[in-house]
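After this come two complexes, each holding subunit A, first together with subunit B and then together with subunit C.
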Partner chain A sequence: MAQHILNAVALGSVYLVFALGMALSWSTIGILNFAHGATFMFSAFTAHVVTQHAALPMPAVVLIAVAAGALIATLTQLLAFGPIMRRATDHRSAELRILIGGIGVAAIPLAIAERVTASAPFGFRGSTYQAQVFEVFGLRMTTTVLVIVVAGIGIGVGVWRWLATSRQGLALRAIGVDSETASLMGVDRSTLALGTMATSGALAGLAGALLTFQLGAISPASGDQLLIKAFAIVVLGGLGSMGGVIVGAFVLAGAETFVLAMNQGTWVDAVSFGLIFVVLLLRPQGLFGRKEVRRT
Partner chain B sequence: MIDWYFSHIVLVQSTLTTLLLALSVQVPLRAGVFSFAGVGCYGIGGYIAAIGMVHYGLSTATAILLSAVVGGVVAYALGLLIQRLTGLYLAMATVAFTLIISVLVVNGGDLTGGAAGLFGALGMLDTGHLLAVAVVVVAALTFTEIGPLGRRVEAVREDPELASAMGINVARYRRATFAVSGVLGGLAGSMTVLLRSTVTPDDINFHLVVLALTIIIVGGSRSWLGALVGTVIFVWMPEVLAFVGEWEDVVYGVLVAAAAVYLPGGVTGAAVAGYRTYRRKRREAADAPPDGPPPQPVAAGVGGDS
Partner chain C sequence: MRVPHRWRRLRRATACALVAVAAVVMSGCDAAEGGIATQEGIPQEIKLLGVRDQTGPVAYAGIGGARGGKLAITEINRSGFLGDGVKLTIEEIDTAGSIETASAEMAQATADRTVHAIMGPTQGQQAATVAPMVERAQVPTIFTQAGSDGVVINDYTFRATAPMASYYHLATEYLAAKGLRDVSVLYNATYPTFAEIGEGAFPKQADRHGLNIVSSTPVQSTTQDFTTPVRSIAGENPEAVVMLLTEPQSVTALTQLRQAGYDGQVMGTSVQGGGNLTEAGRHGEGVIYPTDFSPALRSEKARDFVAAFRERFGQKPDVYAAEGYDGMWWLARAIKASGSASREGIKRGLQQVAKEGFDGVMGELTFEGNDMRVPGVLVRWNGRSEELVSDGGAS
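And then the complex of A and B:
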């Protein structure tokens, strides 16, 4: 039982880092980045390629993945989302075109990674990192799990507090509420958008490195599945609430681990889909979201 | 011509079924309803046709008809349930509905064949039947794009508040688009499965949602012609892009992203806009001489020739 809880916490921490990146750009600058899953996967893939040529320790591998993620997301913003936002006439058409732009961008890294790996899972076998197994209160635990949980919860709480208290966080939230008024107040939207996308991409890269260390290997297609799970997490927590993302990530991970523990493995995917559906039906603003659901 | 047809028959048939799938997403989108329920009904239709053929020995026509009816009813019921959602939330709720169906059929036991799916549901269908269905559907949809009905649908999309102030029952139009998308999805799914003779849970995936959406956005979202153009582009692209070989998916991604940035109305939208500009320029050129200053002697001579 306790082992299951530990697994759920480790899984939830990875979900958290990934979903935070998605929620950050979506709830502030209004970009639901469909390339977030591909960014996640390709960051890990970049680190994988580097470790094939150089035996690096764990922090260096993580750093490479984080940098790769930030770079991909910045490029996505510069080449696709930025131009779309400048050209779009109204909010709804921009939303739709950002969705499509993200889908298009996502296809590129996926195609490259699938081509190079022949769609086989890849990992960090070239890294010098060896997981140490130790026991705490009779629980089997590895250093990987420890790193993941500490990083996940630390970053989750950090982003949440930063957005709630810092000056840039205030500016970002102002854009999320009313971007026109915010720019009249002197908020530089396009620069902040670039910074937000880079941060969001860095979080995707971190999630990619952590999950690959945890599982040993991930497949190129794993980004898409995670994208829908992250959506479920954001919807459950409520768009605009980073605290909600933290709760949502662990609730989803807990529910999935529970379903797995009951030997109902084929139903695991239904948890996130069902969650999206039920939450939107009963409480569209999510657990901690703003009261109004934006009408488009 | 005949040789070409027989060597490309699979592509021709899948163009027609994919067109129906794309229309099942385009019809609600044209009324401002961002719903992918049609893709879910594609899965439902496919499975109902396969179950009907394999387990109950239905005829091809009955199976297709049943799939369309069930698709319409399920989508209408879903529409009733989630009609208060809008925008991306509605989109994701319907994506969740679609993906839940694939989980349900994995766990459906003998009825749905589990993860392996169902085999041996070969229907008596040929390209002529598909073409007939597509023509009927397109003709029916044309009526919703022109005249008073077309203007009402446009009003519901562009400004729901204004539309209801003008006496249009917006909620009824929205629910109706759910039903239509369900029928179209059911038709597309059942005919695809009856042509291929197999259906597996993997056939109902997120990629199908993405495909339907990209077809519409790249082709154009305002008319069935846009869906047709987009379908032809995406079904035939692998054939045309064969020369780039393994990098086909990269080119695909670049094209989709470029279309999202540079072609807000899709290919047909850009073509219509270009044609209008051309016509206006010509009209201006034709109108200019009478309105202009008194022609110079040389110009008058030219004008006299025409």
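And then the complex of A and C:
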């Protein structure tokens, strides 16, 4: 039982790092970035290409993926989402166009990675890092799992508290509530939006690197599968609540682990998403969302 | 009433346009009734179309099939196999992993009366969607991969890939011979080929050979992390694990299985071929799997094929390339056997060659109806390349 809980915590941490980036941009600057999965994948792919030419330790590989993720997301904001938001007549049309724009942006890195790898799995075989296996109180885990759990929970709580207490976090929340009023109060929306997207991309890159170390390899399509789960996590936790994202990630991972532990692997998606559906029927705003939708 | 001048001009222009459209439609009808590809005999150029994934999630299968086919075409044309100056040509059209694109491209391809035959999509769902179109248009189409039901369904559909289940007995026989009797099965139950083996073929074969299935663990195509199922399997400590998973899943499951402390034999599938286990590093070493082709095969045909492929493409051929190569030779033999490159001639020829069988790079090829069968080969991944365990008659 304790081993299953540990497995769920490890899986939830991966989901959390990935979903945090998506939740951050969605719940503050109103960008539901459908290119987040492609950013995740392409960051890992970039690190994969580098490790084919240089034997790097884990921190260096992670750093490359984080930098690649931040760069991709910044470019996406500068070249796609920024112009879309400037030209949109109202918030609703901007959201729709960003959604479609994100799908379009995602197609580019996906096509490049598929072309280069012929859709074969890729990992960090060139890295000097080798996961070590150890046992604590009869629980078997790897150093990768340890890094993921610490990073996931640490970053999750960090982002949550930063948004709740820091000056910039408050400014971001103000944009989430009413961007026009926030601008009148002196909040520089464009700069904060760029910074938020860069942070979101960096988190996608971090998730890409950590998950690739954990799984051994991912494929160009791996980001799409995680995107759906992250979407469910944010909706389950409640849009606008970073605490909700943390809980949502572990609830989804717990449900999946439970179904797998029961040897009912084909029901994983049905049970997990069915559970989310039930929660949303009873609490449409999500577990920690407010009835009136107010972002973070 | 006098029609204004500009309206007369517009009317005249409309009439001209209608006549032009009618002419195009009429010529199209003429082509549909006759056309180059319906004429008996062997013309100087035999035009083929490859409608398969060159990009998308299973691009590796389409690219491999196309490369194998191109190599075969070069050999067929260079050797004058179909007569002096007779040339096979092929144009590849990318279905990009999309059923809709495959359907649209096949509709165009089958309507083109200059196309003699088609090399069809490699993805099962795409192939099953276009198979009825092939019959309606009466264009002989050879599929590679596309292991789903509903692909080889009529006289015009052919498949140059043996179902995995038809040679998976090599794995079961190996486990029995090595005395590895307690076996756990980890399989992707939403992938039809793996579900068929995991739930049908393997349990039957295991029963016949006295193997004991300790556990059978289904997962989905969307499963990315295998920590929970492999921990359970490692806890059972079976003598062998049969792993029926897709490429990225295999790498993860193997890595996590070894990290969970399992060091017994892992038996995979041909999906692990083509270097797909490379990313698993040391965790992939020692995995054994049955496949329809391996560059390690020792037959003269296989060795020549591997050498020619390496020279042309700079890498070893995979199963997809071998299937594309043997599929193209099946087509060339069919044209020769029927003495005609017409669509009907090719169909007759393919059926005739299928009845007789032939020797290909995958070994002695036989057929069940329009569906290819291979002897199969059992190989071991040593971390860098495949080693022959038993050739099943393929050499």
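Just so it is clear, the second predicted complex is superposed on the first by the 284 of 296 C-alpha atoms of A that agree within 3 Å, B and C clash if a C-alpha of one lies under 4 Å from a C-alpha of the other, contacts with A are read in each partner's own complex, and residues count from 1 in each chain.
The working rule: a contact is a pair of C-beta atoms (placed from the backbone, for glycine too) under 8 Å apart; a residue touches a chain by one contact, two chains touch by 3 or more.
Everything quoted here is computed from the prediction, not taken from an experiment.
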Q.
After the superposition on A, what does A:A106 contact: first (subunit B), second (subunit C), both or neither?
A. first
Q: Identify the partner contact of A:N7: answer first if only subunit B is touched, second if only subunit C is, both if each is, neither if none is.
A: second
Q: Check whether A:R92 is in contact with subunit B, with subunit C, with both or with neither, and answer first, second, both or neither.
A: first
Q.
Tell me the contact category for A:S190 with respect to subunit B and subunit C: first, second, both or neither.
A. neither
Q: Once the structures are superposed on A, label A:T181 by its partner contacts, choosing first (subunit B), second (subunit C), both or neither.
A: neither
Q.
After the superposition on A, what does A:D269 contact: first (subunit B), second (subunit C), both or neither?
A. both
Q. Is A:Q214 in contact with subunit B, with subunit C, with both, or with neither (first, second, both, neither)?
A. second
Q: Considering only the touch criterion stated at the top, classify A:L280 as touching first (subunit B), second (subunit C), both, or neither.
A: first
Q: Could you say whether A:R125 touches subunit B, subunit C, both of them, or neither, answering first, second, both or neither?
A: second
Q.
Output the subunit A positions appearing in both contact lists, the one against subunit B and the one against subunit C.
A. 111, 114-115, 266, 269
Q. In the complex formed with subunit A, which residues of subunit B make contact?
A. 34, 81-82, 84-89, 92-93, 95-97, 99-100, 103-104, 106-107, 115, 206, 210, 213-214, 217-218, 246-250, 252-261, 264
Q | List of subunit A residues in touch with subunit B within their complex | A | 32, 79-80, 83-84, 87-88, 92-93, 95-101, 103-108, 110-112, 114-115, 224, 228, 231-232, 235, 266-267, 269-270, 273-274, 276-277, 280-281, 284, 293-296
Q) Which residues, counting only subunit A, touch subunit C once they are in their complex? A) 3-4, 7, 10-11, 14, 111, 114-115, 118-123, 125, 131, 133, 140, 142, 145, 211, 214-222, 225-226, 257, 260-261, 263-266, 268-269
(Q) Could you list, by residue number, the parts of subunit C that touch subunit A in their complex? (A) 55-60, 63, 189-190, 215, 217-220, 222-225, 227-229, 231-232, 247-248, 251-252, 254-256, 259-261, 274-276, 278-281, 283
